[in-house]
Amino acid sequence: MKLKTTSLLIAATLFGAAVAPAQANNDAMVDLLKVLRDKGTISAQDFDLLTGAAKADKEASEEIANKVAKVEKEATTISLKGGHLKIKSADKAFSAQIGGRVMVDYASMNEDDLGGKGNASELRRARLFVKGTAFTDFGYKLQLDFGSAGKDGKSVAMKDAYIQYNGWKPAKITLGNHKMPFGLEELTSSKYITFIERSAASEAFGVGRKNGLSIGTSGSNWTLKGAVHMNGTLANNSGQDEDFGYGARVTFAPLSEKTQVIHLGAAFHHQEFGNEAGEELQLEVRPEVHTAGKIFKSYEDKFEDMNQYGLEAAAVFGPFSVQAEYVHASFNAIDGSEDQDLESFYVYGSYFITGESRKYKKGEFSRVKPKSIVGQGGTGAWEVALRYSDLDLEDNGLGNAGDVTTIGLNWYATPTVRVMANYTSADVDGEDDDFNAFNLRGQIDF
Amino acid sequence: MKLKTTSLLIAATLFGAAVAPAQANNDAMVDLLKVLRDKGTISAQDFDLLTGAAKADKEASEEIANKVAKVEKEATTISLKGGHLKIKSADKAFSAQIGGRVMVDYASMNEDDLGGKGNASELRRARLFVKGTAFTDFGYKLQLDFGSAGKDGKSVAMKDAYIQYNGWKPAKITLGNHKMPFGLEELTSSKYITFIERSAASEAFGVGRKNGLSIGTSGSNWTLKGAVHMNGTLANNSGQDEDFGYGARVTFAPLSEKTQVIHLGAAFHHQEFGNEAGEELQLEVRPEVHTAGKIFKSYEDKFEDMNQYGLEAAAVFGPFSVQAEYVHASFNAIDGSEDQDLESFYVYGSYFITGESRKYKKGEFSRVKPKSIVGQGGTGAWEVALRYSDLDLEDNGLGNAGDVTTIGLNWYATPTVRVMANYTSADVDGEDDDFNAFNLRGQIDF
Amino acid sequence: MKLKTTSLLIAATLFGAAVAPAQANNDAMVDLLKVLRDKGTISAQDFDLLTGAAKADKEASEEIANKVAKVEKEATTISLKGGHLKIKSADKAFSAQIGGRVMVDYASMNEDDLGGKGNASELRRARLFVKGTAFTDFGYKLQLDFGSAGKDGKSVAMKDAYIQYNGWKPAKITLGNHKMPFGLEELTSSKYITFIERSAASEAFGVGRKNGLSIGTSGSNWTLKGAVHMNGTLANNSGQDEDFGYGARVTFAPLSEKTQVIHLGAAFHHQEFGNEAGEELQLEVRPEVHTAGKIFKSYEDKFEDMNQYGLEAAAVFGPFSVQAEYVHASFNAIDGSEDQDLESFYVYGSYFITGESRKYKKGEFSRVKPKSIVGQGGTGAWEVALRYSDLDLEDNGLGNAGDVTTIGLNWYATPTVRVMANYTSADVDGEDDDFNAFNLRGQIDF
């Protein structure tokens, strides 16, 4: 008898751990009772009663262990990590995120300056979004901007409204309203851009969001994305075919480490105007302050279509970074009008006094996390930056050209709270007057 | 002494389980120690020390068990089951759900066709909603459609904004903006309709959502709902009484099983126009493509009120289903105008090649869940469908009549992702020209 | 040997509880095995095997205890307490809340009365908000009102869009669109106001929400808040400096207990109009019914700036409460126009038949919780109230003056569901006609 019990104990010791799930067992008690019974220390009656009690203890322990295991296995989890509300099912087949951003701007301009509109405040962006994944392979995003929602009847702006298929990894197929693949600064979220506004050079030829279909794929240091799109997000009731376009962007990072990056990119975009009705089209660009007037203008004319290409380069070396883009656009005129060739470029440098690096991932820049966070005993990160933008919207002796210089100081209080100050100065060739503005932004995203 | 301990053990075995909550107890240890003390195996001093240690173990176990029990009893749970974000309090007195839908459409039409507007894309619906229950008996829903939110100043459309009282079961009382009880296709959510658009026949006389009060009740195979409503969701600044209306709908399902359904329904609706100012009113209906022109039109005239009734029938037999509705509307003219009697009907059939059945519940059709789900190793469900709609908006020799035929192919990738393709052809009596369109939709709801 | 083991047991008993974390231990078993081994009851081999089994049991228990502890320490919690969806990180550094309100109104007016617009319904408010805290010291809120979102192109109204810094306790710094510090009734949320609309006296000189910066602080029975602001939430494209303003409010509560309150307050506000363009400005106020016409009017003239001050008093004695405010505004004319001095006051009393008290906190009134809640076996709370408002918008013999009397009955079904009925009667001095309306509201917030 003794041998038998001991043999069982040995077997349990050898194999038990491997087969038993992790749970409170009370096996030692049952084993001890057997030994005591075999030795005659306790009676058979006591053994039965005590074994019964031990089993009850064990069942109670198992019930708790099962409950904990069930929670671990099945529970949908919710997180506010980094200030972002994310929900995820235990099997990761489903997720959801609810978030947004608030950006409030205060600009000081002289109303007598070129493009000056006087001092002005603005809710530059006030966005809400919901995004998620469903049944593993599908995703969606709906993002709205209420920044211009106000008492004078202005409306909400549609940002993202798309469905995504992620089942053919690493490719992603996106259908609906979303950003078209053109321009490094344009593709960098407004949460992460280095200056209060994107460069006039980017704005002039930005493609932005369109209702269409894109297919993108990427490797560890390259990305490739192609897209076709219709013109807009709205029903076309003009009685003409809606305009369409298509384009592609490729990026390559010969160096892509955490704080050391070299990024190269190129993109092409074609936009059809159709223009059977002979409508006139004109580029009008602000001097990098959103409440200013549009001082850069191409000559208004009638076009059939437009082709543009862009080149991108950026580098990060620890706290230093530089970034530059060049865009050339050829507008093809309809009969009786003249073709136009326009171009723009910008270049900027930024330096984190507090040692952070701009973060790069898959062909885009993303969130900078200060090393020292306000609210966690820290003081935030500080960045200085300088940008020069040059626009040539002149051709055939018509339209104008000019440049914008912006000096910026950014304080990243936390990863999601930023205060920005920009001083902006702009010239239009041939104009005596110039544009000057001081602009402040408070920003949070969630 | 021994007897005493054993008696206690027996008593514990008999009654213990019934009174003890499920938790790790360590009772066996305490019992064993008593036995060993009684037998003299361990000393009284050891007994006291060991009993103390056993009690400490027991208390620690109980603390964990209590924590687990507390979570079970009090924790608010969050779920993403089926892709829908739902939160529920442990006592079920409170719940909340956050969701929405995105539908993107691409229509190909010839701009020279009757009603043709050229190729067009559209964010047909981009909705967000929050709904919930509070204090057991009350509910609410707020649902907005941002599909037309865009750069040209178009606005958000209010869908649901209501308060509900559920305390008089099975009745539900709803106050605010919500769907009025008229029309099977109209009451079926756009997430679940069989074709990209509801039939022209339904659209012509649809009542849709109004700001009002409804009371509905239902049994296992019938529903009854009555409603009174004001005209709109907006302040009336015209200096006249806002128009009102009322109506009711009853449905009965002689057969109501999971994949076998026969549905019958009837509804009535009265709309007051007041019309002291003698405003003219005209029905205008699109040929079942939302970006097309309105080609079906009644004669514009001045009316005092309108009465309409509708008849509904539908059947599901496994993968097959048929559905039909008829509406008759009588417009009562004010002096100097003429009464009009108008009518419409549609009939359609659908067949799931992959064997699913349309799901019916309480007088409405709801979500089809494919047997085979993309992202879970499956390939989705396929449905083919054909619909014929007939409108007669002609009376007194004025207005027009016509019909629309739509053939549809639907792919349900998952329960919440659907791709739809429709070919639509429409005729207006007496017009040489006709309407033809090919329409595609990508859809997700969450 | 025995002594040694017992000594260890004594030491463990004395010190163990203090150093051991709360978890299931199985220490009693190991201790017992040592005693039995020392006494020779079990063999050394059995001791080793049994000790191994006991340790395995212990490890399993610890694993569960650790999991439970981890959940306690790290888990983000979600709650629907009181019907409000709140999420909080375990360390409380992050939180988020998603909510809103729905208010539906039905007004009965005679369209032949002064200001009468006929019977009218309205979605008075249909709001959604997201607010939260991030990294302990920062907060944000984004709140939108979709009540006027409808088919006629009306738009969403921006309510709150701000960033908050809470790191200098007890001060709060708020930047963005938020309520300026002026007026007790104006600062009381529409969820908690005693009548369906705020008094005409408050509306006439209300400052409401502006895009600006405020700093507020408070003690146990006082508050102080100052603010500077720009005029609006929108870009100013008029080519003039945007108007600005500033103000401050102080409150003091000589008595501030749960059901016994005396509140005193004073506020000042300056609004610059600039008005280089010589635009005319006129106050127009409704008779406390939102769908009625604006019957109270100042004389339209050209002003350079405006200064106004307000005095507040309120008291709560159990179920009784009274509240009154007085505002005086001085409009300073530009050359060629005349200055205007205008004023208004209101006073009201309210009584909870069911014994509740209006709740006061830091210079504002907040949510009343009925003692008896519908859905939890109760019947709700009942309140009757009477208000008299007096406006003097007349100066230099121009503009008009008048008064409004409102009697109200409120039923608080639950803390978040309220039904309100108001009968309102208004007079304009010198007009034969008067205004009368019966107004109903259903309200829920979440």
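By letter and in written order, the chains are A, B and C; residue numbering begins at 1 in each of them.
Quick note on the criterion: a contact is a pair of C-beta atoms (placed from the backbone, for glycine too) under 8 Å apart; a residue touches a chain by one contact, two chains touch by 3 or more.
Bear in mind the structure is a predicted one, so any value in this text is a computation, not a measurement.
**Q** What is the size of the turn, to the nearest 5°, that moves the C-alpha atoms of chain A onto the matching ones in chain B?
**A** 120
**Q** Over half of interface residue numbers shared between chain A and chain C means same, under half means different, so which is it?
**A** different
**Q** Averaged over CA atoms, how far is the centre of chain A from the centre of chain C? Could you give it in whole Å?
**A** 32
**Q** Mind pulling the residue numbers of chain A that touch at least two other chains?
**A** In chain A, 24, 26, 29, 32, 36, 41, 61, 64, 68, 71, 78, 98, 128, 153-156 touch at least two other chains.
**Q** Under the stated contact criterion, what part of chain B meets chain C in this complex?
**A** Residue list for chain B touching chain C: 24, 26, 29, 32-33, 36, 41-42, 45-46, 49-54, 56-57, 60-61, 63-64, 67-68, 71, 76, 78, 87-89, 93-96, 98, 128, 130, 132, 134-138, 140, 142, 144, 153-158, 161-163, 167, 175-177, 211-212, 230-242, 244.
**Q** In the complex of these two chains, what residues of chain C are touching chain B?
**A** Checking each residue of chain C against chain B gives 6, 9-10, 12-13, 16-17, 20, 22-29, 31-32, 35-36, 39, 41, 61, 64-65, 68, 71-72, 77-81, 83, 85, 98, 100, 102, 104, 106, 111, 117-123, 126, 128, 146-156, 290-291, 293, 373-376, 413-417, 442-444, 446.
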